[in-house]
Amino acid sequence: MNLESLHSLLPQILLALGSTAILLGGAWVRNRRLWLIVGALVAVVAALVAAFVDPARIDILGMYSATAYARFCTVLWCLTVAATLLISCRYVDLFRFGGGEYASLMLFAAAGMSLLSSATSFVGLFLGLEVLTLALYVLIAFRQGDSRGAEAGMKYLVFGAVATAFLAFGIALIYAATGTFNLEAAAAGLQTEEGLRPLGLAGWALLLVAIGFKISLVPFHLWTPDVYQGAPAPVSGLLATAAKGAVLAAFLPLLVMTGEGVADIRNVLWLLAIATMLVGTFAALPQTNIKRMLAYSSVVHMGYLLIALIVAGDEGSRALLFYMVVYTLATFGAFGIVTTFADENGEIQEYDDLRGLATLHPRRSAMLSVFLLSLTGIPPLAGFFAKFGLFQAAFRGGYAELAVVGVIASIISVYYYLRPIIALYSPEPAVVCREVAAQSETLVLVGCAAIILFLGVYPAPLLTLVGLVIP
Amino acid sequence: MIATLMFYLLGAVALGATVMAIIQRNPVYSVIYLVKSIFSLALIFYLLGAPMIAALQIIVYAGAIMVLFLFVIMMLEVTPTNAATRTAPGWFHWGPVLLLALTLVALTLMLIGLDPVSSEGVPRWHASPRDFGYTLFKEYALAVKIISFQLSFAAVGAFHVGMTERRRARQEDAS
Amino acid sequence: MDILLILILLLPLAGGVINACFGSRMPQPVPVFIACGAVIGSFLACLGSLTLAAGDGYRLVLFTWLKSGNFQADIGLLYDPLAAIMTLMVTGVASLIHLYAAGYMEDEPDQVRFFALLNLFVFAMLTIVLADNLLLLFLGWEGVGFCSYGLIGFWYRKTENADAGRKAFIVTRIGDLFFAVALLWLFALFGTISIEGINAQVSGLEVTTVTMISLLLLFGACGKSAQVPLMSWLADAMAGPTPVSALIHAATMVTAGVYLLCRMFPLVSLSSTAMAAIALVGIVTALYAATCALAQNEIKRVLAYSTMSQVGYMFLAVGLGSVSAAMFHLLTHAFFKALLFMTAGCLINLAGHENDIRRMGGMRQRSPLVFWLFLAGLLCLAGAPLTSGFFSKDLILATAFAHGDPFHLGLYGLGVMVAGLTSFYCFRLAYLVFAGDFRGDELPHEPSALMLWPLYPLAILGLTAGLLNLPHLFSGGSWLSGWLGRTQDVLHLSISIEYLLIGTAIAVFVLGWLLAALRYRKYSERQPSLVGEFLLNGWRVDDLFDLLLVRPFKKIGRFCSQGVEAGLIEGVLNGAARGCTDLGMRLRGLADGKVSAYLQGLVWGFVLIVGWFLLRALV
Amino acid sequence: MIVPMEHLLILATLLFALGLGCVLVRRNLIMILIGVEIMINSAGLVLVGASAFWQQVDGQIMVLILMAITAAEVAIGLALVVYLHQQKKSIDVGIFDEMRG
Amino acid sequence: MTAIMATDFPLLSLLLFTPLAGALMCLVIGAANGTNARWVALITAGIVFVLSLVLCLLQTPAAGWLLYEDYSWIENFGIRYTLGLDGLSSVLILLTAFLQVLAVLVSWRQNHAPAIFFALLLILETAAIGVLLALDLILFYLFWELMLIPMFFLIGVWGYKRRFYAAVKFFLFTLIGSLCLLLAVISLYLLHGEQTGVYTFALEALKQTELSGTQELIFFLCFMAAFVVKVPLFPFHSWLPDAHAEGPAAGSVDLAGLLLKTGVYGMIRFAFPLFPVAAQKTMPILAVLALVGLFYAAWVAFQQIDIKRIVAYSSISHMGFVILGLAAWNQTAWEGSVLLMVNHAVTTAGLFAVVAMIEQRTGTRALDQLGGMWKSHPNMSAFFLLFCMASLGLPGLANFAGEILILIGVFTVKPLWAIIAVVGILFSAVYTLRLVQGTLWGSSCEPHDKQDLVPREWLVLIPLAVLVVLLGCYPQPVLELLREPVSSLLMSGGLP
């Protein structure tokens, strides 16, 4: 633990210290908005540091790395968390979220995510994941006295704990087989002529369960809609985007490093991808609650991302990262809109309650439409190029069948994405929701929508960037 | 030789205690059985050359975590009567689940069995507390720090979640 | 001169368009003036440009209508003797009819529409006549159909009228299809659709092809000319105002088919089979219509069937190879039939808007003038000696006789028989309308002077038009045949045979008169016999068509819309949608809210993964 | 090594399966958490065994990390248990099915 | 690729993005006041119309692109921003721009969120123009899909009772087709990249790709899936009647006038030249489907009660005619097809406009409740009659010119097809006359609004009526424009 390592870990340190500081400060100054803003600032600063301060060294104590890829992810999650904080301004007042804890836990989660996606050893991976999960346990059940929040927290806790156990046992098995926690070395140690060693396979099976839970792959997805529905909308947004993205981001190098042994895992992933895409899609069809729908949609999108993971290589990684960014923007935005529609009675979740909101809130409705259409993958929104890159990668990698299943899923997805939009624009209003969005909310959402539109027209910058950072 | 025998003995005890812990209807008994299992595991750890871990196992697990469990159980007065499921008795679910667990065990064991790890000729090894501490605070210093953060935030989280309405309201008033 | 030629077409078009667009904004008599002026102007232009037509005719191209690849259709006029005579007749008769209509429609609030359509109709008819290519001819051809649709259904408030218009449009359009196919085929063969071009190139064609194309043209002509089997629309078309009946169904539209066949005569005449078919269609129609006319109760329907029958004669003439006979009959028929219809209009007014001859009678007392005019028309129609109808009909029959072979002699025999029938129903009509006392109870509605005035020239023309092509027996020079350049149509029969033929014709005429006089001089109410009923309904052809065409069409339509569209396609789609939703409901049911169930799902997933890996490791 | 590695793995696997069984079968939230503890214990067993097998301390340190993490998790988990109990007066996970579908 | 008119000014982009800018203006200016939005939309549409008219007049009958723009865009995927304007596209763009002006006028009284409504109309215009200009497959696809969104909203938000059903059906149908297209485009791109090492989506480059017979067939079918659904060809037409019946008037005008046309354009510009062999091999199938559709739609139209649905099915029937012309694969037929497309757009737009007016005045679209409109609304009825006559193919009016060219072209290749198609003309007469009969003639229904045409409606109908007559009597200018593009497209496809 020397200065150089600390220097390389600067963003994460900033996040951790910032969260502690806010926690302490929150005990004295009970001003909710202040701490949210401070938290967002800290996150942004961390992101800037990660983006522009060259790390002293790449390898940090054999546990983490400061590669371009890791820093890119750090920036991404930091910004997401900052956005989440900004979007919660009105929300925290509305539901009287305690002063500093909320912001502090968010930052802590950001630290966890950033550690997670820069992990180079199983120990680092495990720690990052636990930091993230722990923060989320609390955040999901953050709204006091809300029985749904409590239920969601309980469900996430049970699953999280079981997943932790699976992860631990998987890591233990792999360690037993190879004698190292380093991802690369472990992968090499598991490799034999014919593929992975059986012990490695057993370990991987356990790891897959844990990861599958975290990014909600079918059949480990069942908790997802309940938790998303019960959690506060901003937290759901974070859960659906950064929390999943971080795990995927950690998973990508893991898979890349596994080398040829990946062939064995690929089959399982192939199966999981197809099951995830289809089951998620069909289950989303009859939903009438926008948060649940978005939950199932996130399941489906994880299936799409699995395609990129399976393809791997440069093409796959690029497609994955691009898709992840675009998906994050859109999903986050959608949850953000749900956040802004919340009032004292709770959040507006049912489609029936959305009816006719467009006449009252044309801008937010338009933005929600943009987000949902981007998720559908309709040009000229970023979602199109994301899917385009994905399918193209799938074709190049020789997984045309996955692309076809993906296409089928996106066709069906039209139905459930369009339902809330039509509800929004229907001429006869259901309930009168007169909540005016706070400035910070508008700022963040307009930003998301603008980026989605921009990337939909001109995705080249992000594509180039992503091409630079792939592991 | 004795160590080997001890291992099997302790393993059997651990398994037995665990089974007992699982099937107890009263959580208090479960916890007690679990402590028994943890003790046997700690001994096994010792036999495997990990005295520090064995000690910590007893201190942390048995001493802290299990006590915490007990504390909560006592606090909530979770007795067999009111902890029992409202619907069918626990046994009702056991059939399919046991089948599942057995399949799982069988599958995993078969997988493990396919990959024989030749442990013959590996000498007994003993990690001294000194080595342990040295590695922990040298190589894994970062992990230690993260864990300390983690624990403090766990405290914060637990505090937040566990806070009663009344107390929260009082806090709100204060601000 | 070109401008005159263009004016022939342009004036009615302009009149129609101006009336259609601005007529309703003009003060009342102006549209009528415009309409009448346009047609009369057209007639004058026609007279003025007549010299152009002599000899081989004159060709004028205005602009290119359609040009694509090697296909080219111009807006071009071909003004040759045939077209000229036809143009003259159309514009002339139309002028008179317009004037008559101005009187007839005086009280009609929606005059503008009427006159606009009437003008357009004349324009369309002139387009048929003057077109130098088949596509332009087709334009007129269809235009005539549309205008007749609008005019027949002019009194649209009564659904029957509108339906009659629709029937006319659709039935004639069936014929148009054949024409269209012939057009396509001709283009495919010759690479041109110019009438002259085609007629110049036909000689090299195979006979079968010619036969096929000619038959297609024949069918096309049948539609417009109401010949068997596409004849059923004409009788219903009487639903329109009387001037319309006069214009469309006497003088112009129905003659379009005859004109087309004459136009394409160089092509058609190459195939003897086609010629025989044309003749046969003609005679069958003549016979059919004559029998139907025997039993009709409405004055205009009688006239309508008589038109059909007379047009049948014209077809017969074409089939016999005598263009001039056909054109001769066409002309004379135009005059006296227009006269008849318009007088019938007067009669209907006089009878108090009563159509049914059973409720007329004694009309002579109501207006002797109309009686004489109507009688003049009837005499022409019946072929009374020395009237124009007599000469033109005689020429056709004589031509048939002159061929000499059994087939044509048979045609002649049937023709004579039809002449007898014609005479019979003409006098039946005359007796029922004029003899005895008035049987209706409506007050007369005196025809205005404007309605009567145009009748005189027509009556005179009807009675004297025979002079146009007077055979040499009557020391005539067959002027029409000469004008048309068809000297081969002039018959050179021996005097005795000519006298024999004339004698037969006169005898048949008298026989028909006598029989009619015997039966109808005294009116008596009687139940129609079965045969009468059958004839009254036009041999129940409508029912046959209904059974053969309309009902299957509707049935298939129902099958398509209910069976295929709503049942199959929508069914499959809805089924798929429901399948998806059901699957969705089932999958969503997996998440039943219970943690235990969720955990089991997790473990099942784990088992599957491990199982799969085990399989991989074992194999 | 005092015992073959396989035996150790078998013992651990059995423990893991027992823990998992506990998680699956019991509906008492506390018992579920206890089941998770058993599972994590079994992971620790493997790690210690592997540590002995490879003669490295790393595995043991991982066990320590596991313990700490478990402690944190249990702290939050039990706080949640208390919170849930406050709300519904029960810690039976089966009755928390307000959200479904 | 050289352009005839060498100009550095990006005229095409200007043309393309003017409506988009107008849409933004609509949203900004019109948010508070609906009238502003209407005027912005009208003015924008007018500007685009004038622009496209100018471009049309600039066209020379020479081969090649009049204007051509090519910029680097997304290098990572080899996607370029390539636009090209030739006679074919300029004719269709002019049509689009023209109809868009009318669509704005038709929906002038739209009161539910007018700003968004008109913005969507303008976005739709951009998309349609983009489709007609794009020469890069992904650019094309982008605009192709972009057409969906505004149309979806127009139907789904401003439609009638079953609007969600209709909108989703429309969206799903077209999306299924276009995703097939996307997959094929991607595979073609990869194949081309593997063969030449150059990864590009440029149409010209992709034409050079060497394909095996099966590959070509599969790609072709995927391409056609998108286009055939849009056209729509039997049996993929099921979305159209619903979309028309449930959509607002402007939606129907655009649907019939713009969207359907892009399908045929896609075939001519992309599917046939890219896969000529497969195209020619499958032509008979296409022709058979076209013919079946021609009659089938006519029969179904004959059974409809809703007048809007009758017009919708008549669209399907006419588009069958268009496709039949394409299947003939020769100059005359193709020119006829494009001409018929233009004419049909004008005619059908007129029909939908009048139907909307009828519905506005009577409150119903059911044939059995209507009748005798001529009595109360003679002017409107006259226009309706005119459009109906054009629709049933009366010579001298718009549709006939195209139909006869198609028939002539088809007859020289396959006489039987032409003969069958001729019968189709009769069928169109049958159902169209039923439509006229039920609305204009007969005893009068009691319309609650006795007002005949108002000035705005005159403004909509007169241009359409003039065009209907003009295109029927003198379609030569359009045909001149089409000659070169069509012949070069035919050449690149290889004449059989």
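The first chain written gets the first letter, and so on, giving A, B, C, D and E; residue counts start at 1 in each chain.
In the analysis below, contacts are C-beta pairs under 8 Å (C-beta built on N, C-alpha and C of every residue); 3 or more make two chains touch, one makes a residue touch a chain.
Predicted model only: the values in this text are computed from it and were never measured.
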Among all chain pairs, the one with the most C-beta contacts: B-D
Separation of mean Cα positions, chain D and chain C [Å, integer]: 96
Centroid spacing, where centroids are CA-atom means, of chain B and chain D in whole angstrom: 5
Distance between the centres, which are taken as Cα means, of chain E and chain C, whole angstrom: 37
Rounded Å distance between chain D and chain E, as computed from the means of their C-alpha atoms: 65
Multi-partner residues of chain A (at least 2 other chains): 123, 127, 130, 134, 137-138, 141, 145, 153-155, 158, 162, 166, 176, 198, 201-202, 205, 225-226, 286-287, 415
Multi-chain contact residues (two or more partners), chain B: 93, 97, 100-101, 104, 108, 111-112, 114, 117, 139-140, 143, 147, 150, 153-154, 157, 161
Residue numbers of chain C (touch at least two other chains): 588, 591, 593, 595-596, 599-600, 603-604, 606, 610, 613-614, 617
Which chain pairs touch, all of them: A-B, A-C, A-D, A-E, B-C, B-D, C-D, C-E
Chain C-facing residues of chain D, complex: 20, 23-24, 27, 32, 93-94, 96-101
Residues of chain A that touch chain C when the two form their complex: 154-155, 158-159, 162, 166, 195, 198, 201-202, 204-206, 208-209, 212-213, 218-220, 222-223, 225-226, 264, 267-268, 271, 279, 282-287, 412, 415
Complex contacts: residues of chain B adjacent to chain A: 108, 111-112, 114-115, 117, 138-143, 146-147, 149-150, 152-154, 156-157, 160-161, 163, 165, 168, 171-172, 174-175
Contacting residues of chain C [partner chain A, same complex]: 580-581, 583-585, 587-588, 590-591, 593, 595, 597-599, 601-602, 604-606, 608-610, 612-614, 616-617
Interface residues, chain C side, partner chain B - complex: 596, 600, 603-604, 606-607, 610-611, 613-614, 617-618
